[in-house]
Structures are given as structure tokens and as C-alpha cells.
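Remarks on the structure that follows.
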């Protein structure tokens, strides 16, 4: 699993949740997690969550830390389990900063303000996960919290620690899988 | 997914990590999570973790809260993802009691004392998970922590909340899976 | 598995065989079977059976009882086995009315008149089944039979019994799966 | 899929439900269905249905027509769907003889007498199905019906038609699978 | 698995790598391998290899022997293993002609001239493989070799031997799978 | 995928084809290929090929180069495809030495002498492959060839090249899988 922080600002429009987006744009081949910073502005047409699309919900945040994960396996159940673990990794990294964060499914909340948006889905050849964390939260459509309020100043360092934690989590799962006998 | 707290004391010897143990003993058919209280004394021969077996490690605790989960699906990777989420559910329930708990893979620590043991494996027809949490920890072979020290007095109520949390987690994952379109 | 009879007349054009059609239109989330009554008029372009499309066959019936099933599992083989069982459930429900019905694969015949059309396919996230049973059969392109001739007056009650039968069938299969040991 | 009627009397003890039993004894390699005639006397220890084993149920019939199916695929869900279709094939063949047979899951009844026993399970390399149909039913532990009462005189011819029907059913499912486009 | 040599010249544009192309055009239903002769001229837009598409590579050859394989199974990993074995079958057939051929992944080289192009991919319902072997190689964009130089005069006979070899290879794999016990 | 040549002589009795044998004995965790040198003497009871066991065949060779591969994936079909590719890797490495080797399924022949024995199977948690190549061939039960006759003097270097070739082959397959778009 490869890890990359992209130093260029990229606005997230939902179009980045696409197979091979990481490979096409950054030359990283195979299972990977990348992070970058940018606005989030996902029109209803680009949303892959049918419930949100039905409610004409949209996603807006002036500045977010984005994670895009691609696994070359198109099992949707597994993709959602992995998304949950990525969310847990973010929560646990925030706990290092003594941020009192709550998780509800794939959402993170701090003091009842929603910190994150997230989705997991599949293409014909891979599974894809997006997580966005508010850095700044002026103008967000619901009550939110943001990394800037929570004392996370070095967003890049934070992102790298989250990605490393996720990478290690999956490595440990693989090792656990290889150590156990059937019954 | 069915949920059951068994009010009878049962000592955990590793033999309970067996297909249909829940059904044979408690008549609960299908995917289920059960909890009970008892000693833990797993001889090396009953251990399914090869690394532990090689090190002649054994598991001993005078009193533990045990969870046994059986899913009728024999995908070992998925079983380990589910085990991780069960561990996360326990951690998050402990956070309701303001217990500062850390997770490392499938282990939980409080103040560097190991609170838990856990394993996930598969049979020909199902996957099985065991988690044990020390209630008391006299005579444990490593430095441990225990629910009794952490202010968890009503172990049954705690167990039921954990099981409900796990059940809801899996329901939310199923709902998420059904709401998302492919890309 | 959720079950719903939709009391509104809906003409079947093939466009209803789409992922999340049930959820988008009726708010029913997850594995489900729904039934409704309406014309069937599927142009060759909407047909998912390549053999039919090649033959420029089309489906027309002035009034049909339609079933749409969605399972959130995209295994096409399993989808076809489930389609066969749904067809068997319809046959067995008709037998309650002493209708002498024959099954050939996924087709039902009464006195050599074709009673049904059916297809099963997959999307990226789910599998979908359509079955249509003639209620009336004026103007159908082949020799057909129809529920109205067979003494099935209360089409809604019939549909609900078929759906319940299918739901129970799948529940029994799940229970059988959970009761058996490997060898 | 290969088809074989074995002309030798073989008593069914449950030990025949084993991987490669067909290949080891009759040299038939690969997916196959075989049939033979013999007593059925399965002690509780050989039963693979946990529910039956718990109830100390046993299977006894003085003379049965037995089918053993082996598919070299170890998906238990699929095995149970196939078992259901084999039971449906037997029901439909009986309908050719105007026998009014009812199916409940994997059981067949004629005039409230149980005609059949059946089980499906998996080994590490394959799935296995057994179906037994009473030919004679003196001394059976529950109320039963039997082929001899139902006008099925030529048991071998009946068995061969059932096996052919099952083979065709699976071929049609394969063809249906190959004809359909995704959506 | 069906085998067909198509005696009509067909230029390969990449559009033939499509689900049911074989069935729609030649009426061959189910898993199949077909071969034909024609130009190869695949524009970048039709390429399914992202690396090639990114490099604006294209495929051109004045005359190639083409193989198209369709398996009704949409496991991409398995599709690539099968593609490798088809390439190995071609290499081994060339060895019958004492052609010193080297394989690198899915490419074949003779005297450092590239003999082949190949790709494997999946649709929602099947997996597809294309292999093209230069018959003639005037105007190819890289250094190539060609069957005409290698003493393969009867291209149709060669194609039929390759297809037979591939068919047998898969049959042997199936037989091996059915002969082995689990451990 | 880890690669290890074991410098200690180990006689192959069939017992080494066991899950976690590599991990238990050499501490190598996860997917791995190891090689070692030793006698081969597999009694019929240890044979996992039913055909060989039925024929009371046994395997004997005074000195063989052995490969044991374990992949933590229990798909038997995939295991056999991988076994075929390992055999191809051995053939292609022998071609570097200008040895005219023929492959028939999973067997290698040089001048009609059988060079190899091989089997692939699965356990509940993994798949396992054994390949043995005669180094010396006195006393073998069939006509054989041996590496010592073929100019392969440095057996360890040869083994390491084969293992590297296999490792690269699987890496290339993974990369190919990650580069291709669905259709």
C-alpha cells in the first residue's frame, strides 16, 4: 500500500472518486492512499450516496483535508469495512491531540459539530474511499467542527500520520490473517 | 444478528471457539454474538494463533467478560475486519465511562495494562471471534488492566451495550452498502 | 428482506430493472421484493437478454402482475438461482389454486400458453430480477395464458402470497446454511 | 456434469456424503450426480444437520432411492440453492406421474407423508448433496410416503429422468448467465 | 469451452473486446475462444491499459492473428492468470516450430522483436482477453517480429492448435482441481 | 511474497505440505516460497492427489530440489493457476540453460524423462504448492531426467532464480491488474 501527500491544492468535486485517478495523476500504481487540501464542493449529480442525492443534499466546505483510497479489489462490503477502519484511524490520531471525538458509523463529531464527510464505493476493477475533514468551516450547510479549531496546525503532518496508521492497520490485519489456523 | 447475555458462569478454555457452539448450547441459530463471565485458561494446544502457540504462550485470567461471535460466512479476511470493529466498539463503550483506552490492532490497553485478549478464525462453514476483557486480573502472566479497576461495575449491562453497539455497527454497514451506487 | 405491494398502476418498460429503483421510488432500503400491476412494453433496446435483443423480440402484454427483486450482492450465478426459486414459488402458489402449471427454466406455461416473462441480471452493486405474469393477454405476440383465466381474481392477495413464499424460502435457506457442519 | 445410475445395491450410512466418494468408487471425475438404491440407516454421529443431531434424530428407511451430487465448488450458499433445485426437479418429475407432491424447503410430502430426506454441505474442496426418496416405508420413524405407493415402478428410469432434469437445469442456468448483459 | 476460427478478415479496432461480441456475431454462447486475421489499429481511446493510454501509445500492425477469449466469470485476477496461460500456450506452440521465443509477462519476443500485443479485462458479466500476433510487421511502431518470418505459413492451422492447447490446459486445470483433497 | 533458500537438507515426506509449515519452521510470515534439497519419499497415505492414491502410486527420488509455496488465500482454482505458472517459471529458467524441456500440465519432461512432481491444494486458511525436481534419479519408479544431467550444477543459484522469477511473475500480474480499466 503506497502513501502520498500531494502538496498541491486540489478542490474536491466528487470527480476524484474514480478508478485510477491516483495513478493517472500521480503515477502511483496499485493500492494507495493519498491526501491533499482543498475546497469541497460536490454537486448532487456527483454524489454516490443515493440517500444524499434523493435529499438534494450537497457537500460544501471552504477548506478540507481530503483522503482518497483505492484498493484493487471490488468487494463493496470489504470496502465499507476498510472505510470504517480509516475513520477509526482518524479518530485515534485525533485522540493523540486529546480531541474528544465521537464516531457514528462513518461520521466523526467533535462537540456535536460534524467534522467529516465520507463515502466508499466500487468500480468494475477497484474500490474507492473518500474522507474529507473540515480544516476551516465557514459557510458549511450544517453545524460542523474543523481541524483549525482543534489544535491541528500542521495538517500535512497530521495527514501523514493518519495514512501511516491506516497502512499499518492493514498490514497488521494481513499478518493476523497469516498467523491463525482454521478450526 | 442475535444478541444474548448468558447469565451462567462459563470458564473459557478455547473449546468454545467452535462452529455452532452458540447454537448447540443456547439454541440461537444464525449470526450471533453472546457474552458470559468466567475464568480464562487456554492451554497452548487450544490456541489458534500460531505465533502464540510457538512461543508456548498461554492465556490466563481469573475472571473475564467473554464475547463469542459467529458469522455464517467463512471469509477469514472479513472475519478479521469484523474483529477489529468489535474491539473498536468495546473501546468506544469504555469511552462512555471516560476510560482512556488505546487500541493496538486487536488489543486494548489502559495505562499500559493489557485489558483484552482476542482471536478471529474460520471453520469450514463460519467465522468465529473471541474477545476476553479482564474483570479481575490477579495472577495474569503479563501486566494487565481490568474492568473492576476502571469503574465498570455492572458487567452485564456493559456487555449488552457492547453487543448492541456491534449489532448496530453491522446494520449501518449493511445500510451503507445498499445506499451507494457504483462508479 | 422487505416485501411491498405497490397499489399504484405502473407500466413496465424495462427501466424499472435498475439498481436502487425500489429505494428511490418507495424508500425501501436493502434487499427487497415489490409487486405492482401495469402494462408491459419493453422495447428491444431495454432488453438485457442478448438472445432476445438479437432476435428483435420485444415484450408486450396489456396487463401484467410484475415482481421486481433487488439483492445487494452482485453474484450473477446466485441471482439466477434465486430467479429460478422465485419462479418455483409462483408455480407452487398457483398449485394452491389447482392450476396445472409447467416450468421450463425461468418460464411458466399453463396449457401451453406462456404465462410469464422473466430476467435476472446484475449491476455493479446489486442483482435484479423481474418477473411478469399476464393478468390479461389480448394482443400478446405469442400464445399466452393469463391469471384472469386461471381463477386468480385477487391479484394483490396472490402477489403478497408469492412474495411471502419467496421471503420464507430465502429465510429457510439461510437457516439450513447455519445448521449444517462441514465435512 | 456427469450422470450415473449405479446398478449395485448400496446402503446409505451417511459415509457416502464425502468428497471424492463418487470418484474413488466409480471413477467419475468432476461435477457429477449418481443414484443408487439401498437401505438408509444414518446414525446420529454421521448426521451433518446439527439440529437433527441435537434432537438425537436418526434416519431410517428400509429401501430408498438415493442421489449423491458433488460439485467442485465449496460455496455453501450455492450448494443449498442447488439442493433446492434438485428437490424441485424431483417434484416436477413426480408431477409427470400426476403425483400431488408438496415441497417445504428441502422436504417433499405426498398426502402429508414425508417422501424424502435431504442435506447439503461442503468439504474443503467441494459441495455435496444427498437426497433419499422412500421406495418402501415399513418401519420409518415418522409418517412417510413411498415411490412404490405412488405408481413409480421403474425406479431406475425415474432416477435417470431426475438426474437428466437436474443436469439440464444447471445447463440452462449457465446459458442464461451467458446471455444477459449487466446494467 | 468452445473454439472457433473465423475465416473472414476482421480488422481489430479494440471494439471487439466487448462482452458478448463472440455471441452477437457468431452465435457461440458461453466460454469461448475465437481467432481471426486482420489489421490491428487500436486508437488510444479504445485502449483499456491505462499505462498505454497515458503514454498515448497506440497499437498498429498491418496484419495480425487475433485471439479473443471470453469467460463468463468477472474475476479480474483469474482473467490475468488465464491470459498468462494463453500466452504460454502460444509460446509452447511456437516451440513446436523450433522458434526461440521469450516471454516477459504477457509479451512474446523473438530475437528481441516484439511478436505480440495482449490485454485482459472484465465487464460486469465476463472477462475478456485479446492477444494479437504479428503475421506481417511493416510499419509497426516498435521493433517487432512476425509469424511470416518464423516459418508459420498456415496461420489458421497454427491458430487452431493454439486454441486447442488452451482449451486442454483449462480442462486439465479443472481435472486437477477435482482430484485433490484438502489438507 | 517472501523468498528463502533453506541451506539445510530436508527430506520431503509430504508432511511439509501443511499450512504454516514455513512460518513454524523458518519464521517467515505471510505469502512465501521456499526451496530446499533432500530425498523425496511420499507414502500413499500422505498423497493429496486422489488419482495417485487410488493407483497406490508413490513418489520416490533419491535427491530433489523442492519448492514449497504458501499463499494465504484458499481459492483452489487460483492455487492451480499459480502452480502452473511456477512450473512455467521453472521451464523458462531451464531454457536459459538451453535445456529442451516440455510441459504437460504440471509436469516437466526432458527427452521424455519426467523431471518433476507437483501438487497444489488448499487448507482452511491458505493454498499450498509443492514442486520437486530430480537432482539425481537413481531408483526412481518411472523414467526420469535430473538436473545433474542437464548441466545445472549450482542448484541453490538455480532455485533462487526460479523463486525470483515466480515472485516477479506475481508482481507483474498484480501490476497488470491495477492498470486496466473495466469495459
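Read from first to last, the chains carry the letters A, B, C, D, E and F; within each, the first residue is number 1.
What we mean here is this: a residue touches a chain if its C-beta (ideal position, glycine included) is under 8 Å from a C-beta of that chain, and two chains touch if they have at least 3 such contacts.
In this text the structure is predicted, and so the values were computed from the model without any measurement.
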{"item": "Given chain C and chain F, the chains that contact each of them", "value": "A, B, D, E"}
{"item": "Any chain that touches chain F and chain A", "value": "B, E"}
{"item": "Taking each chain's C-alpha mean as its centre, the one farthest from chain B", "value": "E"}
{"item": "Which of A-B and D-F has more C-beta pairs touching across its chains", "value": "A-B"}
{"item": "Relative orientation of copies chain B and chain D, as a Cα rotation angle in degrees, nearest 5", "value": "120"}
{"item": "Greatest separation from chain D - chain, by CA centre", "value": "A"}
{"item": "Euclidean distance of C-alpha centroids - chain A vs chain C, Å", "value": "39"}
{"item": "Centre distance in Å when chain C and chain D are each reduced to the mean of their C-alpha atoms", "value": "27"}
{"item": "Contacts with 2+ other chains: residues of chain B", "value": "19-20, 23, 50, 74, 76, 121-125, 177, 179-183"}
{"item": "Touching pairs among all chains present in the structure", "value": "A-B, A-C, A-E, A-F, B-C, B-D, B-F, C-D, C-E, D-E, D-F, E-F"}
{"item": "Complex contact set, residues of chain D against chain C", "value": "17-19, 48-51, 76-78, 80-82, 84-85, 88, 92, 102-103, 105-106, 119-124, 128, 169, 172-173, 176-177, 179-183"}
{"item": "Contacting residues of chain E [partner chain D, same complex]", "value": "19-20, 23, 29-31, 72, 123-126, 174-175, 177-183"}
{"item": "Contacting residues of chain B [partner chain D, same complex]", "value": "20, 23-24, 74, 124-125"}
{"item": "Chain D - residues contacting chain B, complex", "value": "50, 54, 74, 76, 121-124"}
